[in-house]
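Look at the two complexes coming up: subunit A is in both, with subunit B in one and subunit C in the other.
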Partner chain A sequence: MSTIEYLWLVPFLPLLGALLLIVVGRSMSKAAIAWIGAGSVVLSALVVIVIGIGFLSSPGVYEISVWQWFVVGNLNPSIELHLDALSLIFIFVITFVGFLIHVYSVEFMREDSGYARFFACLNLFVCSMLLLVLAGNLVLLYLGWEGVGLCSYLLIGFWYEDPKNGYAARKAFIITRVGDTAMLIGLFLLFSTFSTLDIETILSAAPTEWEQGSSIATLAALLLLGGAVGKSAQLPLQNWLPDAMAGPTPVSALIHAATMVTAGVYLIARMYVVFELSPVAMTTVGVVGAVTLLIAGFSAITQTDLKRVLAYSTISQIGYMFLALGVGAWSAAIFHFFTHAFFKALLFLCAGVIIEALHHEHDIFRMGGLRKQLPFVFVAFFAGAASLAALPLVTSGFYSKDMILWYAWAGEKGNGLLYAAGLVGALVTALYTARLVIVTFFGSARTPVSKKPGWHMTLPLGVLAVLSITTGFLEVPHNFWHGQLISGFLSDVLPATTIQPGSEAYEWLLQLVAVMATLVGVFIGYYIYMATPGLHEIVKMKMAPLHGLMQAGWGFDALYDLLFVRPVTWMARANRGDIIDGIYTGIAWVTMAANRAFAMTQNGVMRWYVLGIVVGALLIITLGIFV
Partner chain B sequence: MTLIAFIGTLMAGGIVAWITARWSETLSRWIALTTVLIDLVWSVVILINNRPDFSATDWLIRFDYPWIGRFGIGISVAADGLSLILLILTFFLGAASVIVSWREIRQRVGFFHFNLLWVLAGIAGVFVVMDLFLFYFFWEVMLIPMYFLIGIWGHENRRYAAMKFFIFTQASGLMMLLSILGLYFIHGNNTGTYTFDYFELLTATFGDTAGRWLMLGFLAAFIVKLPVVPFHSWLPDAHSQAPTAGSVILAGLLLKTGAYGILRFVLPLFPDAAREFSNVAMILGVVGIIYGALLAYGQTDLKRLVAYTSVSHMGFVMLGIFSFNELAFQGVVMQLVAHGLSTGALFVIAGALYERIHTRDLSLMGGFWSGTPFMGFITLVFVMASLGLPGLVNFVAEFLILNGAWQTSHVLAVIGAIGLVLAMAYSLRIMRKIFFGPVADIGVGMRDLTLCEKVVLVPMTLLVIFLGLFPQHVFNASEKSVKDILAMVNSNNKP
Partner chain C sequence: MNAIPIEYGLILAGILFMLGMVSVLIRRNIIFMLISVEIMLNAAGLAFIVAGSKWTQADGQIMFIFILTMAAAEVSVGLALILQIYHQLKTLDTDAANRMRG
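Take a look at the complex of A and B:
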């Protein structure tokens, strides 16, 4: 146990930072806020490293129970942390990338009046995210799951005066809530089957409780998938992420690129046993990933806002992770999460520097020529972009994407169509990345640079640039040499992917095809955006309807607006006065009207009374005769 | 005797506060506050003394005294864990109500506090009496002072709201009275002992039809109070027109008497009829969840919005009660506490805003965060509680209720869960309209929470978080009550 007993410190330190900043943050100096905000995550990252060293010397599964949350009947979730290889990789990325982004934010947010609020939310986010991946039971996982949603909401809408930001924030929170609710129902289903929500227990009991392919296992897996697609911005709940770019850029880097949006990948990997029991669910995961990576990739080509390009790219890259999960390439998905966290965080942080330097200019077509003006940022961005485009051999993205493509083809659950989607996606990725780099950094400068970044911002860029290149060597293809550290490390937690017999021979060939896809993509980008000036305008005009559709994210916003938002708001508006209340008002009205009517008969006029008596008497007589 | 002392203290305190207001209004306020605080501390001490094992005796406190023997009316009071939790909630929110009225109520201060304390006495009485005659008495004691609170100190449309509240509650209360008398005579005819004693009547036997009608009479009173759609329409008017203290007590406590009544009287006295009715009841609960949420989303008046969220949240209570399992029952108990705290706090905030800007119209508000960050933060916590964020107490409640409901009916649990998405929509609307967006003119120079308001809201905030992380304190206390009620539901009335 030794150092691992201190695991609780990992989420606790950021929580403490958040609490301090919430309670006394407003009266603190900016320096103090920065020290607490960034310091708590730095300390947390250090604890993770110490624990990681301890873990490497004696790997295994560690459970640290902090307290019993509640016990009702069979349901007894506790606040317990569960450390194994999978959660260790996640907490390492969360705290390490988190720490770099906090350092970056110290400078990025310095002029902002909500400095303490920003760091409080960011710290709270780190804490929730850590709880999510360390949770030993699904109720605690759900706590982290909703906690990151809250922080995402608060940080997207950080600049709350602008209603657009608030809209984006609510959209993110509500759309992910739709997925979360599916997941919650999944939890009920799991609980009614297993009488517990402890993850380990469920994973070990599932294969005996459910037979392979049972419909209830499929239902459970699909409900969990519902939560995963919401959080990870996958089809059909992907459309909140591009709007989420309204938040400050460090937030986009940490929450909407490196960590929170990969929570769905974590969830599926963590609950892999349930998914493996259901071929239908596995296929669904793979198809969701494949379709998402394509549609988001195509959308990325058409965006002009720097951050939106990256946002669609994130959706697309997470699509790759889902594709990997869907073919049972568990460690490939985690590996791609690992490399993606570094290079995408890097790209976002570079974007933040660029946007700051150009007076909050987001449009890449008003940038240009930044290669000369921001040379360091160019180098860093290039490292990230190369990794995203998967330039062969020297970038981490190449190795992780290649691993996914390989298993999509050769894995036992692999499938030619899924592979083809991944391959086309690789080409598209290379294309939009080349476009992004060329339009932003080459050509003539269209906006002058007004501000150069300080060391708080360049240091994280440097570190992440190095990592974007080097982390790929942790796991190289089998046919290169023996260096599969990630899948080796994960082998205790996630099963290895079995390969269709006889496919090993094709590995070289497939790698070559993948490289070709990347190069062709880069070349198309080069040809359209650099070699032939004005060509991209022509292409855009020729394909205007398709371009418009892709730019609008394939119209999902409009569709959901029509299907859900309008009907609900219409109903709420139409029934604002509460129709049921109308019934009671009606009863009251009838009563009062009757009262008025009868009161009118008591008018003091003798002949009316006589008439009343006569009519009444006649009536009685008539009744007496005829009835 | 303790339980009678609780009620007696409140009643006496009310009279004293009324009289002393002739000389000093401040003294009247302090007397009212002290009275409630005495009860609060006292009840908490009882809770602590009985920890950790609440199942040692059937009733933590019980007192019986024959009063009008001839008609079988006795002074019979008893408290188990469930009653004790609700008593503590009553006194806690009671104290909060006195404090929030400190600045708000300027007219007829003495009479106000008299009414306030008598409402609390009525509520406390409802939670402990075990004699149906007295139960009906306290049911009325809650009603009349509350009628005055709304009608005298309310907002612009107070007369209408007070009258509506009165008619709904009184009409449904009379049905309960008929049922109480029916039960009294049927049991008397069968056994020869005419009594209103709850424990005695638990053994009553009657046919199916009689049971159904008797249950419906009780249920009428309780589901109007809870309220269950379509009997909810008194609530938005009463909640939005009442003064802050009135809204807090209405939402935080009066609604709970409906839930308590079902748990304590309907299920144990009429298990057969209740089981028969359970499907309809669960559907009504789900309808309430969705319908209340949709209405809440459409409102422009802040207090009406919060009022409709109560309809939605009480739908969860209805769904949970008629799911008939331990998970759902414990969830219901927790929901009563959670809703009392979070909705009570939202009404306090609405009152604080009204005091500053003299409107409840959301469309006039906006961007208040920059001026009043403390209020913004507190509101954020309660808005998150209201949408069921884990870590806050409402989540524990709703999670258990839906989980319990799932074991009984998958479809209804799923529809109920959709209510959570709608809850997100209306809750975030509160934040957006008040605190986010461009700064509204009306809020310029607005001051943040005063000491008085902090004294009320900070403990509520801490409780919502504390109970979200350590809900077991409540579950321990209510476990035995819940299991007992569950056992009684599964018994039957057949001779």
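Take a look at the complex of A and C:
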């Protein structure tokens, strides 16, 4: 307990760093900015490790109230931090991956003039994200939720001189806001039922307050899902994430791969009781995940921008997490979040090195041959890609994805369709990962390498590469041996998934099928992009309409443009003169005209005034006599 | 002694009042305008006197004394203003004193 008392330091240190950098960052040297920016997160990560050791010796649920926030009627949220196994996993990933990415950014952003601004935003992001996952009530969670959205907006538009980046930032902000609004309405609904927004209270009161499958529980769960869908870039609000790649690469790695986009997964896992009350909402979560992972996976095959491939792959992998949540495999979703955070951050950081080394070249077809030129990056990228493609037995992605597929089939809420979607997704994932590795690193060099990364950049790559491979061993399938650390660790917070009886016998078979899907995907990638030169051009030509559709992310941008953006801009144009305002300008115009007219009677000739008095007096007398 | 009929007095007061008012309107010389205002005041005073004698009440005469007092005060202020206008504009023409138009 004693070390857990210091939990408030975890979000406070990055906040302090951000405040320092905002206030005095301009006048600091770059070295000082780097020390404050990265140092605050490093300290925070150390505190998390100390707290984690304390937590492991006496696991449980800890509530640390820092102070009363405000009291309005019977809404009295406090700044209260809630530590349990679920939030501990999240704060560990956030601070640890955050610390590696901060170290990476020290070198990556060195030439940039907005050095202090960058670290201030990044620190503020880490603080908000930590508040989000540590919040003991939904108001504080919402503060963190909006905080990460703000930082995401600021960092996507970090290079604001280019209007394209500002557009991408606004797009991300507005689309996630659609989800946030749904979530806010969901919070109102929860508050109107429970008269509190304390998470523990809601979770314990919900099963008695609401009947299983009642429509109000479904509504609340769906509204929360709306928030999760926006933040986690799932269908139908997924199309902001590929454009969010306009931000600096460390931002893409930290915010748009490892942490912020998984906030939706965290929200659903945290409010799992509400979701379990509504089978409809659970099915919706699963279907959203399944459809998203497929459409994003197929889009990833056709992208040519290195970062956009990874962005679509992130959407697709979060789709897997939603699929797991939808079938009630809570710990599988968290496990996949855990492994995904490492290998996707690794892939993005490698992409950053590659893009820097090749004069900001993003097109993978103009890379090639980097295996020999950047051997260390190749090894690291290969570790991450193998994990993403779920190469069997040796990679973390294999174990987490296998767990999801297993529960999608065998879990009580699982069914064959969700499993099939996951399986096709696994094949597609392997295919686009193989394509990415082959096109980028093999073949002949098309652009010369101009810059080798320094230790600030290679150290995080090395650490993350090791973690991408090894974290999978924390949770091995039941039929291998007993080593379910993650789900055992989470068993206090999230219930275990119930298995359909009699399905254990198929586990080996299903694993074999999943391995086959991965290997077939890799082989197709190898066959198209490496074994037969020029084949991928032919395939592309043959399937030109489908290719175009997938490259455009299935046309969601165009659809939303047609449905929402154009009507709104049309109305804005039609109402440029502000029709309602016309009434008020009209009143002002009449008043001014009257003023001018009366001012003309003030002509300075005294006899006119006398005449006015006389006429007025006569008028009054006449009225007095005759009326 | 035959009393003068009240209509005569009131008609005289009315004529005096109209004369004063018309000359205020048509005169441009400010001293004449002041004199015309005095005529209008006296016309009003005459009407009071006539009305007082009609009802054999002292109120009419009291009101006339009030009017006289007020006229004295008004003339002192008016003459001071006229002096100022002449001092500033070197003329007694009121149309020249039109600098305060809207």
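In the analysis below, the second predicted complex is superposed on the first by the 580 of 627 C-alpha atoms of A that agree within 3 Å, B and C clash if a C-alpha of one lies under 4 Å from a C-alpha of the other, contacts with A are read in each partner's own complex, and residues count from 1 in each chain.
The rule is simple: a residue touches a chain if its C-beta (ideal position, glycine included) is under 8 Å from a C-beta of that chain, and two chains touch if they have at least 3 such contacts.
Predicted model only: the values in this text are computed from it and were never measured.
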{"item": "First (subunit B), second (subunit C), both or neither touched by A:Ile583", "value": "first"}
{"item": "Of subunit B and subunit C, the chain that contacts the larger number of subunit A residues", "value": "B"}
{"item": "First, second, both or neither for A:Val72, with subunit B first and subunit C second", "value": "first"}
{"item": "First (subunit B), second (subunit C), both or neither touched by A:Val614", "value": "second"}
{"item": "Partner chain in contact with A:Glu111 - subunit B first, subunit C second, else both or neither", "value": "neither"}
{"item": "Doubly contacted subunit A residues - partners subunit C and subunit B", "value": "none"}
{"item": "Contact footprint of subunit A on subunit B as seen in their complex", "value": "164, 229-230, 232-233, 236, 294-295, 297-300, 325-327, 330-331, 367, 369-370, 373, 377, 384, 389-391, 395-396, 399-400, 402-403, 406-407, 413-414, 417-418, 420-422, 424-425, 428, 432, 435-439, 469-472, 475"}
{"item": "Residues on subunit C engaged by subunit A in the complex (per definition of touch)", "value": "21, 24-26, 28, 33, 94-95, 97-102"}
{"item": "Complex contacts: residues of subunit A adjacent to subunit C", "value": "598-607, 610-611, 614"}
{"item": "Residues of subunit A defined as touching subunit B within the complex", "value": "22, 26, 67-73, 75, 79, 117, 139, 142-143, 145-147, 150, 153, 157, 160-161, 163, 166, 170, 173-174, 177-178, 181, 184-185, 187-189, 191-192, 568-569, 571-573, 575-576, 578, 580-581, 583-584"}
